Structure formats: structure tokens, C-alpha cells
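Next up: some structures, all given as C-alpha cells.
Both of the next two complexes hold subunit A, though its partner changes from subunit B to subunit C.
This part shows the complex of A and B:
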């Protein structure tokens, strides 16, 4: 079986979904307005691409997600490493992490609006907060699980404590940390769209809710599909990145 | 940087490799009460450039003593000093090889061997040459770009030895380095280690519970007892080692082995029965 055939085979379930959608939309119990058929959605998508609207809104959203997600990776990784290394930091930060971890971050959307307004900042801060905890926890767990003999080896080879933290503990924590970052990536997309529903003048979420309110259901579905594709692509790219980073694990 | 302070050492470099004076160590418990006494008033002088084995049953504290010399765990009571002074922390003049290899798994063999050389601040070209030289010394040429996960246990331990030797430590600490290897590989590694020792002549402290291994490798053997860990005997293994593998069959080796086995036998039995 060729590579192309193999990919086709893997995504056959998606084609089946597409076919079912078409059948339900054209012959099913829904009015065509509520569930537009595939052709209508494709046309709406093409129109959105042609007038550049979806690209502009999309770039706005992705900018916010990238900023919040990126900041969360930097701050979260460092916080987890420091928690694992220094007891006072652990005692200070651990209870806060425990309390805030199960809290749905979307509950903070109104607070973000009051504090940071309708601009980018409210979304970036929300995404940052949402992505932070999975990164902190995975970094902390990864760093705590480091084989102490690796640290001892590095120290006896002339590495200082600080150097060991960056050159040994961080890479040793990487498999676990990269897992946590993957969770954070999904959170980033969820919070990006949901916050834009509520507090935004642009972005994917804003576009979806605006089109829905205006009754342009085909276009609304088109945007939803685009968001799903963007999320899927980001996750795939991230997966490839992780495989490259952790290539040393494969025998 | 070296993890040592030069004060408190009255020992000339050429007379003592490592001076262990009245070292005790406890795990758990409070203020020395309760818990386990891993080491009980250890006194030992390890000569410079000798191959010294610490032999004893599991739980006798031999690894603890090695980690104390390495400076990985703080000395609770007593002092440990080398020619550089009192040990207060790890330092590159005391290299270590662990039983589980402890290679950096995200680095290739070459990158592992380069790690300590980077810390020494050598020029790039010299680092590379030295790393390759030691990889060659342990017969790993051709595997420079392999990751540890791609290597057998024996090859991983060769890489770990190369990494440690590359920084040219004065003292080489070895914590049951061949304990995780199969019997044939272990035998080959023992011969090669002894050959490397003959060529490089470092002070080696080698922890093992294997009598044969200790006799084959070491110039002197400290026999330790368990719970609390004490040094019971220190023996010289003064034999002619030329001849590689055949050495072990010579009567004087067999005799020393039997003699040591007689000394450790009761300890080994006590250890397995959990008696004191």
C-alpha cells in the first residue's frame, strides 16, 4: 500500500462523516437553514477566503493564542523546575496550583474583560493562565522524576548547580514537559475561541458568533471547520516536533 | 569549583590518595538516634594510584562511602580528604561511574564524552580530539553518534567510562560498574578496565560485592561488614597480573579468593538472614 493510499485509508472515517452530514442535511429532519449541506458550506468558505475576512480574523486569534501559550511555556517550565529544585518555592506554589488546577478557566472571562478590556490583552492573559498550570505541573513532575545519578554525573564532570538545572534537569524532564505542553495547546484553542465569543471585536470566536447571530449558518459552519482544521494542524505539527525532540528515546 | 577546601589537610599528595578519617553516616532517624547506621567510624587510607576495592554484602554502606568521597552526599561526621584538600562537594578531579551507567540519554556517545570537556573550557578542536580518543580507548569507535538507548548495556558502560576518563580525573570512583552486565560482558570489561588502569594509573575506588572481581582487579581490598558498616580487613593482593584472562586460574589468585571468601562468608550469610 502506497503512502497516499495509506493516508486516504486513515481518513476514510472523516469521509464517511462528510457523507452522513450531506445525507442528513439534504434529506434529514433539519431545516436546511439549521444544517447547511456540504456544498453551501464550501461556497461560504470560499467567499470568506476571497474577501480575506477569515484570514484577518484568524491571524488575530492565532496571535493571541501564540502569545498566551508561548508565555505559559516559558513561565510554566521555569516555575516547575524551580518548584522541583527549591523547597520554599514548592511550598509556596504547590497549594496555589492545587486549588486553581480544577477551576474552569473560562469562568475568568468576565474578570478578564473588566481588568483588560476588549483588546488582545484580556485574551492573552486568559490563555496564559489556562495554559500555565498543565505546563507547571508537567515540568514539576518531570523535574522531580529525574534520575539523581544524572545530576551527580554532571556535577562530577564539573557542572555547577545552576548549569545542572538547565543542562540536565530540563532535558531529562522534557518527555513529561512536552506532554503537558500538548494539553496546554488544546487549552489555548478552547480558550481562544470561547473568550472571543464573549469579549472581542475580532477573531475566530467573534466571527462564529457574529455569523450565527446574523443567520449566516453556512458561513458559521465554514469558520468552525476552519478552526477545527487549524487546531488539528497545530497538534500534528506539535506531534512531529515532539518526535524530533525525543528521537533519542527510540531504540 | 572543585568542591574542596585546602585547609585541614596535612597530607602530602604523594603519600595519600584519599584519607578517610572517622567517618560515620546515618540514614533516617533524628540526631543520630534511630534510623540506620550505614557507616560506623570508618578509617581508611587509599594510596595514590592504587586500585582499591570496597568489598562487602549489599547494605554494608560501601556505596554510601563512595558517594561521600564523591561529595554527592554531605559528610555527617569525620573527614574525607584527597591531595586537593577536604571534600566538601563534587569535583571534576573525582570522576564517577555508576552501575546504571547514568549516561545523558538525550546526548549521543560523543556528546556525552564532550560534556565534561566543555566544562573544562578547552578549545573546540581539542575537546573533540580528546573525546574521540577516549571513545576509541573503550572500543566504541563507530558509535559516536549513537544514542544510549541504541546501545547494549556493556556499550553504555564503555561510553560512561569514556565520559569520565575524558576529563582526566585524579580519582576514579566506580559503583559496581559491571553489576548490571551479563557474565561474559562483565569479564571482558574487567580485563579492559584493568588494562586501562595500567595505562592511565589513577587512584581507583571500586565498589563490588563480587569476591572474584575484587581479587582480579584490585591491588588492595577493604572488606566491609554490614549493619553497621565497618571495615573489617584490608588486604594486599600482591600478585603478578601479566597474562590477562589466565591470571584467575593461577594458584595464588585462587588462594587469595578462597581466603577472602572465608572472611566474607559469615557476613554474607548474616546479611541474607537480616541478623546483626
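This part shows the complex of A and C:
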């Protein structure tokens, strides 16, 4: 089997599912309203792309997700490293982490609405908080698991505490930290879509609920599939980035 | 790092108590008291107490607008009244019922499917691409489809929650079952174990740590999903109550809801951790 054939073989189940969808949609017991067929969805998607609507809403959403996610990575990994290195920081931050960790972050949506209104800020802060905890915990666990001999060697060779932190602890904690960031990426997308469902004037989630409310179900299905694909692509890109970053590690 | 899913930070709890302070100034019985007072657990409780007192003080002094941050005492009073009225229990009970039902349905499909995928090539061929695509998708975006198909009552919520919980568990079960050491299986077989016995006595227990890790990812995701579905569809349940309070600009109600759901989340997440420790009490991870 050639390379193309084996890829095709691997993704045949997806084609089977598409075919099943088409059969059920056209010949099935449902009214066409409940399950638009593949062609209708593709046409609706094409129309959304042509009038630029999906791109505008999508960029709005991705901007929010990227801001919250990016801030969470910076603040979270720094906080985790400092917690593992300095006892006062750990004692101060750990109880807050412990309280916030099990709380379903989507419960904060109404508070974000009260504090920051309906604009971008409410979503960015929500995504930031949701992504922060997985990053803090993985960064802390990663830094805590660093072989102390590495740190002692660096210190005895005259490295300052800050140098040790950046050049020894951070790289050693990297595999675990990158794992936590992957969890955070998933949370970023969940919270992005959820917050836009509940309160928004634009973005993917808003577009989906607006199309659904207007009865444009084919277009609604199209946007949902696009959001799903964007989430999938982001995860795959991140996976490739991690493999590239960790290529120095012994397998 | 199989323990990465567990958020507990054990070192933070133990180091302070075992290591004597480098400059403990007092001797004898006072050293014990001093150590206890400066121990990690005590200081962390103190941090929380200071935060709570700070919340109450700042709001009492009027430094923050009461709409943005209501007084802690007002929030606690509201929770107390909600408890007397039984609202806390109906809200949290409904939320928990939806989350648990959805989670159980999702898991009940995911674990057998994951095992089947690891053991049967045809099943694996069919489901592997679907799950590797489905796993990283933001499942919550499918909610409007489920609302369209199943209406705005419990069915659509539970289907949505089951759908969200399904993916982490199935992929953890699949890779956990696939990763079981072949030698152990061969030994069991050579002792005459039937395929069923091998599955129940060898494969499932050895895959259990990974399955539980998948469950520990699925539970918080399920809770987040439950709250969002309730917020979108309204009605009884903690999410619906919170969004109603938000719409009526009743910030005390919103904060009361947050405290209530945070407590429920803590109980559920800690409960799953306990369950893991209990189910894996034979496993070497329990000895850490």
C-alpha cells in the first residue's frame, strides 16, 4: 500500500460517517429541518465564507482565546516555578489554587458579565482564569520534580538563583509544563465557545446561536463543524510544536 | 507522570512540618507550638482567612461598589436563606444529577469501546480516526445541535454531558489497555486463564490507573459542561439560577451561586481522588 492509499484507508471511517449522515439526512425518518444534508451544509459554509461573516466572527473569537491563553501561559508558568522555588510564594498561592482548582470555571461567566460587561474583556479574563490553573499546577509539579543534583551543581558552579531558575529548572520542567498547556488549550476553546453562547455580541459562539435562533440550521451546522475543526487543528499544531521543542530529550 | 492529573500538592503540605525551622528560637514544649503555628497547613489556612477578612473589610469600607463585589456576609446570608428554603439542595441536586447521569452514560460507553478498540483491529480501524479527531474538538459547540434534536430539558443536557465525558475516557481506556505489558498477559494465559479471566483479572486492573486519569479529566469537563448547558437553557439548576440572578443584576445571588458550585466541585473532585486512592490501594502509586 502506498502512502496516499494508507492515509485514505485510515480516514475511510470518516467518509463512511459522512455517507451515513447523507443517507440519514436525505432518506431518514427525520424532517429535513433537524438534519440538513452534507450538500446544504457545504453550500451554507461557502456562503458564510463569501460574505466574510465566519472569518470576522472567527477572528474575534480567536483573538479572545489567544489573549487569555497567552497571558495564562506567561503568568501560570512563572507562578508555578516561583511556587516550587520559594516557600513564601508557595504558601501564599497554593491555598488559592486549591480553592479554585475544582470549581467549574464556566460558573464565573455571570461574574465576568458583571465585572467586565459584554465586550472582549469578560471573555479574555474568563479564558485566562480557566487556563491559568492547569498551567500553574503542571509548572509547579514539573519544577518540583527537577533532580536536585542538577540545581546543586549549577549553584556550586556559581549560578545565581535566577540563572538556575531560568537555565536549569525551567527546561527540566518543560515536558510536564507543555502537557499542562495542552490541557489549557482545550479549556481555552471550551470557555471561548461557552462564554460566547451565554453573553456576546460577536464571535463563533454568538454566530452559532444566532443562526440557530434564526432557523438557519444548515449554516449553524457549518459553523459548528468549523469550530470543531479549528479546535482540532490548534491541538495538532500544538502537538507538532511540542515534539519540535522537546527534540533534545532522550527518547 | 501518571499523577499529573491529580492536583494535590503533597510536598507543600509536608516539608514545613518535617523540617525544623532553621532558626527556631525557642526550646522544649514551645518549639512544638511554634512549629505548628508556622507549619505549612496553618499558614495556608491563615492566607485563606486573611483573604476572606479582606473581602469583608474592603466591601464594608465601601472601597468597592457593592454591585461589583457584594459583602461576604451578605453572600453567606443568602446561601443560608437558600438552604432554609431548600433552594440550594434542589439546585445542586439537579446539577449533580445531570452531571452524574451524563458522566455515567458517557463512561459506560467509553470504557467497553476503549477495551474493544485495543483488542479488535476492525473496531480500532473504524473508531481510531473518529476519536483522534473528536478528542481535541471543543465538544460544547455541538450543544445547539443537541438542543435542536432533544429539546431544552434534561435530555439534551445529559446527552451533551455524556458526549463531553466520552472522549477523555475512551482515549485513556484505549491507550491504557493497549499499553498493558504483553508478558503479564502471556503468563496469565500460560497458567490457563480464559480470555474473560485475562480481561477481568489482568488487563482491566493494569489499565485502571490510566482509565482513572481519563475520568479525572472527564469529571471537571463534565461539570463545566453541565453549568454551561444550565446557563443556556435556564430553569432550575445552579447554572440557571446564576444566570437568572445575573440578568436581574442580583450580584449577591451570582456570588452565592459561585460559592455553592465551588463547594460542589470540591466535593466531587476530592471524591474522585479518594476513589482513585481506594481503587488503586494495591498499586505502587499508593505508596508515595
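By definition in this document, the second predicted complex is superposed on the first by the 245 of 251 C-alpha atoms of A that agree within 3 Å, B and C clash if a C-alpha of one lies under 4 Å from a C-alpha of the other, contacts with A are read in each partner's own complex, and residues count from 1 in each chain.
One rule holds for everything that comes next: a residue touches a chain if its C-beta (ideal position, glycine included) is under 8 Å from a C-beta of that chain, and two chains touch if they have at least 3 such contacts.
The shown structure was predicted, so the numbers you read here are calculated from the model rather than taken from an experiment.
Q: Clash or fit: subunit B and subunit C on subunit A?
A: fit
Q: What angle, rounded to a multiple of 10°, is defined by the Cα centres of subunit B, subunit A and subunit C, with the middle one as vertex?
A: 80
Q: State whether A:149 touches subunit B only (first), subunit C only (second), both chains, or neither.
A: In the superposition, A:149 touches subunit B alone.
Q: Report for A:10: first if it touches subunit B alone, second if subunit C alone, otherwise both or neither.
A: second
Q: After superposition on the shared chain, which partner residues are touched by A:174: those of subunit B (first), subunit C (second), both, or neither?
A: first
Q: Between subunit B and subunit C, whom does A:40 touch in the aligned arrangement: first, second, both, or neither?
A: neither
Q: Please name the chain, subunit B or subunit C, that touches the greater number of residues in subunit A.
A: On the superposition, C touches more of the residues of subunit A.
Q: Can you report the least C-alpha distance between subunit B and subunit C in the superposed arrangement, rounded to whole Å?
A: Closest C-alpha pair between subunit B and subunit C: 7 Å.
Q: Enumerate the contact residues on subunit A facing subunit B in the complex.
A: Touching subunit B from subunit A are residues 147, 149-150, 152-160, 163, 168, 171-172, 174, 247-251.
Q: Any idea which subunit A residues touch subunit C in the complex?
A: Subunit A reaches subunit C through residues 10-11, 13-14, 16-17, 34, 83, 87, 90-92, 94-111, 113-115, 133, 137-138, 140-141, 144-145, 176, 179-180, 183, 186, 189-194, 197-198, 204-205, 208-209, 212, 217, 220-221, 224, 227-229, 231-232, 234-236.
Q: Going by the contact rule set out above, which residues of subunit C touch subunit A in the complex?
A: Contact set of subunit C toward subunit A: 1, 3-4, 7, 9, 11-12, 15-16, 40, 43-45, 47-48, 51, 67-68, 125-130, 133, 135-145, 147-149, 217, 220-221, 223-228, 231-232, 238-239, 242-243, 245-246, 249, 251, 254-255, 257-258, 261-262, 265-266, 268-270.
Q: For the complex, give me every residue of subunit B touching subunit A.
A: Contacts found on subunit B: 1, 67, 70-72, 89-92, 94-96, 98, 100, 102, 104-107, 115-116, 119-120, 147-150, 160, 163-164, 167, 169.
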